[in-house]
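Shared between the two complexes below is chain A, which has chain B as its partner in the first and chain C in the second.
Now for the complex of A and B:
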């Protein structure tokens, strides 16, 4: 029963992602219907703690965490082609903001501050590294996570004498609401960026950065600011999520897996579409939780197999598959008439 | 005052002087041809003017103001636009979006989205690409892609347009169309500097020709003067006609 609740809410999340993509298109037919459905979906999502068992919204919180990481990752890396492995760093900065300041200031302020600190870190890192191309950029962002982990480890052992920290816990429903709020804010931000000329600038940078620069686009400026905006959301997600975990240390806070997963989830869902990464992370995250609890020994193996299959047979991910099936149905219809 | 002026412009790649101590100027309303054998430093000079590279040493002035050390996007907004020898279009974006990017980001005074779209439509028509406005740029023919680059560059509302071999690889009809296009650009009030190997085009439409050889300027004058210059004939036209035999 509770699994059904989770699946209904997953569908609601995917719908929101699809709606953003649809609103970006020129096709405005039936928009009143789709907008009405958005309200329904939002009601379903926001009232989940009222009708669903605790397990269901804890599960959806985890899904939302991956959603925020993946969608914000894809917002920058999708159009520009700059593959960042820094999500774990920004997420971890949020976690540590919470761990250090959680006792002293209100919850929402902690979350916001976690986002702001990540934003600042991303500005600095971006200004230094976004001149790097291809592999060099990937390696640097990867190194950043390792650097922060070890720097923090050194600091904790040298000055506090302990490796980890306790985090002030928050209620499961509070965490859920805040995480949902962050995700919706992210969708709105993504919509604004994609619809504005920044979206076009990001695409042109991905297509041909040199030409973009000669067309009057401040390529470094655009890249750094969008990179930092996406880090803002990752930091907020880290700050709220850690209130569920109560104890953290540098290794668990800056887990590199959280850098790889957004990339995998986005590819799995289909990077050419806005709702692709949404679809990818919702399904991926659900499978991960399910497999982890029910088949703890084979879950990573199953993951690997699914990923290889997707990369080999579905170059445009799940969203691409949906498109293909749709096109086939449309063709059949035409053939019949 | 000249529209564009270079004083002792140089750049070295390792030990090679790609452009060395070149003085040049471009006046408003001119069509200036930039010619020279392969490796003469023509495209490098374009890169220096458009700030893809920075001259060391040397000075580049736009309307009397020094523009060295600026970034390419700043140069573009100051009024210098360019095309590329190997086309650098935004391949998966529709042709119209390619041009719209130019008009959204290039002009010093920002246009509204509506104005930018209107201008993009007008420019596509100007270069004769209205029919393929919504096709992805990578699907266009090479000659169309080159014209798309011209439209995109014009969209930034330049005072000076640098055209890098837009006529290479075109057939006879396309060549005549391209020459016509350059003339039309001049009529719009845009000054043009063009790198070209097609002698017929250069001699036919340029008001003045600058000749580079091994990074040095060896000739500068009207097409007639350049065609009669002994040095130019020796190093450039001479070689070209040898190759033709």
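Now for the complex of A and C:
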């Protein structure tokens, strides 16, 4: 029962991602139908706590967390080609905002503040590093996570005499709604960015940064602002998710795994498509939980095999596979007529 | 027209069948109870997996096999013995994953009981969840003074293991003071465990007038400990205290041997208490101290427990600190179920919180959620003639404490 609800809501999430992609295309046929379906999907998602078992929306909350991390990551790294390994840093800043201020200020303010602090950190880091390219940028963002973890560890041990902190817990439904809200806000933001001059600028930076600069694009400015916007969403996600975990320390808050997973999920889903990272993270997160719980002793092996198979045989990810199947069906149809 | 209807009807019918099957699959009548399902989120992979392998796992595997061989636990409500079935998930050594899996066990798998995760950070993450859903949580590995402060607000949580101020450090301080030990140097891991033990040592040793000449925090992945050991040696402290895990304690022992650093007291842990410390260091373990709770000589019942757990197995599997506590925790859980005659977590909680029950440690009870210290068969251990003896408190010692520590064998 719980699985069925989770799968229905996963489909709704993927549909929302696909709808954004479709809206960005010039083909506007049947848009009234697709828009109507968006309303249906939103109703399904927003009413899940009313009809689904508690664990179904706990599970969908985790999927939403991965979605926010992956879509945010792909929004910047996809078009520009700058591989950022900083998601764990921005997510962790959100976590610590919640841990430090959660007792004193209202939940939504904490979440917003988590996003703002991550935004500020990304602005500073971006201004310093987004002139770097390729491996140097990857290494810097990787180092940033380690730097913050160890700085925080040093601070906690030296000044607070402890390592971890308790976080004020929130109800599962509250966390779910806030996380869903963040995801929808992210989709709207992604749509606006992609439709605006920023989207085109990002794409031209990814294709040829020098040429983009010659065309008059403030390349560093565009990169820094989009990088910071994506960090804002990651920070908010960290701030709300930690209210589910109740106890955190620098190692668990700045877990490097959360920097690598968005990259894997985006590749798994297909980087060429906007809905690819959505599809990738939804399936990846679900698969991970299923393998982890059903096959605890072999799940990493199974997971590794699935990943290798996707990278080897589906270079455009799952979204690319969907496209290929659609093209094949269309070819068959044309051949028959 | 028919083609169009068929094109829509067939997929719709299939979807409807799938949905209805899934819905009704979960709506069967209440089955007759034939087993007690216990859920656990344990670290089967990741850095904490070594703790799972050597600490609680050998105990629950042996204990459950023994109980099931007798037919299970008698539950009056069902008028029969129910065997135990374990449902174990891997939390990948990640407290966040463990929190989610614990909720899955409770909400989706609807297990009858949950048993604790592996480590203090995991208890912090799991305890509020167990308490929220009114599930009894008897914790195994881990314990902390900061957790002790939270227990009054979490009536469903019961801690079995001894820890820093419950009651290891006060006993160690008494022991050191009794021999005229004047100073100590502390190396501790920069995590919850290390920070807490260092803090409690500062308080308890301070009460006895023992001076802390240095306290150095080390990261978990430290490779070269020679600067710390050299500093400890230069300090001239009577006691060297290493509050860390096997990954740091063992290199600290190795480096001390290399640099011939032989203070009057060399105490470390967790790690020293495991059989694999002896198999790794052989005769070099003589005189090295650590945390402990029991030994074959502690009581006939504990001698029998050692037979059950260790006979026919390599020495590596021995744990002379936690194993007796974990076994006693499970004994208490069983006794509480039998007394309640029910699998109702609230009834079982009430019994655990108020009654004295018979376990491998004798009469055992929880005091404000902590296993009463009077039931502890020991706190401090030392390797003497290749055996890990209980040496403190003195009235529970299974051998006389060797002070000062003999030189490292050449």
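As a working rule, the second predicted complex is superposed on the first by the 337 of 337 C-alpha atoms of A that agree within 3 Å, B and C clash if a C-alpha of one lies under 4 Å from a C-alpha of the other, contacts with A are read in each partner's own complex, and residues count from 1 in each chain.
Definition applied: contacts are C-beta pairs under 8 Å (C-beta built on N, C-alpha and C of every residue); 3 or more make two chains touch, one makes a residue touch a chain.
As the structure is a computational prediction, the values presented were derived from the model and not from experiment.
Once the two complexes are laid over each other on the shared chain, residue contacts for A:244 go to chain C alone; chain B is not touched. Residue contacts after overlaying the shared chain place A:47 against neither chain B nor chain C. Once the two structures are superposed, chain B and chain C can be ranked by residues of chain A touched, with C on top.
In the superposed model, A:217 lies in contact with chain B only, and not with chain C. Of the residues of chain A, not a single one touches chain B in one of the two structures and chain C in the other. Chain B meets chain A in the complex at residues 50, 52, 71-73, 75-77, 81-82, 84, 88-93, 97, 100-102, 104-107, 113, 152, 156. In the complex of the two chains, the chain A residues touching chain B come out as 197, 200-201, 203-204, 207-208, 210-219.
Across the complex, chain C meets chain A through its residues 19, 22-23, 25-26, 44-45, 88-90, 92, 94-97, 99-101, 103-104, 107-108, 121, 124-125, 128-129, 132, 146, 190-192, 195-196, 199, 217, 219.
Across the complex, chain A meets chain C through its residues 1-4, 53-55, 58-59, 62, 150, 153, 157, 161-164, 166, 169, 172, 244-249, 251-252, 255, 257, 292-293, 296-297, 299-300.
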